[in-house]
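Each of the next two complexes has chain A plus one other chain: chain B in the first, chain C in the second.
So, the complex of A and B:
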């Protein structure tokens, strides 16, 4: 227990790093996912194909492999990028693919009749998208958005394999020094749990709420 | 064109190693999936029909598994078990950790599948004088099995991708092999493009299989 108390400040720093990486990845991924999700249901066929290809490629490989690609690709292309930045870019790319897929699915699941009704009322394209379709799609995308965010938080831990310092990396360092395996890994697991569990409760709650409406 | 020849030669030279690594990745997935399905079935059964305290404890276990990173679960098995005098090979630690986490996700799917069919059919079976156990084995479970075929397939795709995490506990799977080749040969990130194509090929093949099973089972449900 002493070991845990002593290493708490160090682990807290790692936890901060983890939260920071997750927040950046989720934020960038959500914004990009929203834009690309709209583009994926647009009239531009080439754009739709590109997005399809992006989602297919990104979702088809493990996030750890994507992290290794960005980690080694930036230096190979002559950019000096910190290990955090490389890993966070991979997380954001991955999040973008998932959020885009979710947004596209939610937009597509809206009945066509709504668009037709809005058109017959003389509403403009922009107005139909932003006043009618998007608010509904964003609402129904909330549970899967939360579930993906949980995956993103958990995935930050893989940067310990690639070599970017965060909570899991810090935990491994402390364990190697102190051999307090159970205490340290257990405490760190609880930290992730404390972030992810409320999100998953909220997701189930929202899922049930929307299920009643339909 | 020279660089292309160099890259192709590199890719050719790493192929034998990559094939060995592919075997490890496939081995982990092939052991972890059946284990996860069996565990999930047991967990779902106990949560539905077992004694309340155990059912609740399993509920807690599921939430813990679902809301903590797979890598940490592996670390606990790999680094903590030896302290209890249990030394388990990294390969099996990976299999166990992956099976535990995926069984938690699958158990909820199984439970959901059984809960959505049961009520009226249970009542109908009772009204016909069929015993509960007979109704479960001959009426409910066959329908549930058809329902969960596609979710199991989708879970398998995630599972195959999750096997890459065993790199964190020094198991020479596709991902870690890629890293070692890259560091030893001063090769560039192209090695990981090759690694990525291996995973992509696996997930695409499994995706096709899942879609095939999905259409078949949908036809069975009608």
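So, the complex of A and C:
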């Protein structure tokens, strides 16, 4: 028990790093996903194909493999980056693929009558997107966005394998030093749960609230 | 009387399926034209062509003298108009849909303000007073800040009419606007349309309300398989249909009406 109490501050520091990495990945992924999601429903066919290819490729690769790729790719291209930067880039790329697909789906599932009503008022393309379609799509995308964000928080733990320091890596260090496997990983479990559970609650709440009636 | 809407020989296909096979008619300023016909006869399609929600392959449409969708060159070739030109045209043609199509994320008053604000660039305060006046006109002053989901079908449709009127259109198109309503809600929507007709609005209504067509219509068009089979004064046509198709249609109609 003493071991646990002594290592708590160290684990908390690791948890903070986990949150930080997740926040960066979720933020970058959300912004990029919003932009690419809009592009994915645009009239530019080539752009749509590129985005499709990106989504299918990224979704078809385990996040760990993606991390190894970014971890080794940057040095191979002559850039020296920290392992932290490499895994965060991988997480952001991964998040982008999922968020893009969510935004695309939410935009496409809006009834055609919405666009037609806006067109019939004489609204231009940009007004229709930003005033009519996007607000509705963003609202309905909130629950799946939160679910993906929870997955992203948990996916940060893979970076321990590549060697980026965060909660799981910190736990591994403490366990190697103290051999208190059960206590330490039990605590780690609770840390992850404490981060993800509020997001789950919020997601459930929003799912009920955002059931839009057309 | 000058023609506000001129439809000449319009041909429209969805792939191999020809839904309009050369449709021509005119609607004068202040006139109310009513289109009846079985489903699939092309009656909704022609409305959608008039504000260019559908393109068409042949013929031409003019609203208040301006070509719709295509500019016609002197040598007869059709040049598709720019998106901006089409949007400008749509501002002058109000459309009301069977399924209301209100914007669910906006309140009633915001729905009606959307057109003036986003399409015309009217200042917010002015858009609001336009919206409030129109909502008063359709009897919904008490619902300004409600979301559409909290309204009955009849109320939603009245908001949709106010939303279209907010653009101060020259022409209003009504596409089976009472078909999705419970029977007891039809009357309130028809009353609004009747008031508009009395104000002198030029309108085309696609409808199954035969009594209403007879009362309010100045002109009736019977569509059948992509053609206009009969047109003229509603009472005359409904009381003495010439074609077998219209006779059959009206018989079926009165039969189902009394079910």
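Quick note on the criterion: the second predicted complex is superposed on the first by the 209 of 214 C-alpha atoms of A that agree within 3 Å, B and C clash if a C-alpha of one lies under 4 Å from a C-alpha of the other, contacts with A are read in each partner's own complex, and residues count from 1 in each chain.
Convention: contacts are C-beta pairs under 8 Å (C-beta built on N, C-alpha and C of every residue); 3 or more make two chains touch, one makes a residue touch a chain.
Note that the coordinates shown come from a computational prediction; the quantities given were computed from them, not determined experimentally.
S.K.: Thinking of the overlay built on chain A, is A:64 touched by chain B (first), by chain C (second), by both, or by neither?
M.R.: first
S.K.: Decide which partner touches more residues of chain A, taking chain B and chain C as the two options.
M.R.: Looking at chain A, the partner in contact with more of its residues is B.
S.K.: Between chain B (first) and chain C (second), which does A:161 come into contact with in this model arrangement: first, second, both, or neither?
M.R.: first
S.K.: In the overlaid three-chain picture, which partner chain does A:114 touch, first (chain B) or second (chain C), both, or neither?
M.R.: second
S.K.: Once chain A of both complexes is superposed, is A:5 in touch with chain B (first), chain C (second), both, or neither?
M.R.: A:5 contacts neither chain B nor chain C.
S.K.: Applying the touch criterion given at the start, work out whether A:132 contacts chain B, chain C, both or neither, answering first, second, both or neither.
M.R.: Second partner only.
S.K.: Check whether A:124 is in contact with chain B, with chain C, with both or with neither, and answer first, second, both or neither.
M.R.: second
S.K.: Touching A:46 in the superposition: chain B (first), chain C (second), both, neither?
M.R.: Neither partner.
S.K.: Which part of chain C faces chain A closely enough to touch in the complex?
M.R.: Touch residues, chain C against chain A: 51, 53, 83-84, 87-95, 97, 99, 101-105, 114-115, 118-120, 149, 160, 163-164, 167.
S.K.: Within their complex, state which residues of chain A touch chain C.
M.R.: That would be residues 111, 113-114, 116-125, 127, 131-132, 135-136, 139, 212-214 of chain A.
S.K.: Which residues of chain B touch chain A once you look at their complex with the stated criterion?
M.R.: 63-64, 66-73, 75-76, 79-80, 83, 161-165, 167-168, 175, 178-179, 182, 188-189, 192-193, 195-196, 199-200, 203-204
S.K.: Can you name the residues of chain A that touch chain B in the complex?
M.R.: 57, 59-66, 68-69, 71-73, 76, 150, 154-155, 157-158, 160-161, 168, 171-172, 175, 179, 181-182, 185-186, 188-189, 192-193, 196-197, 200
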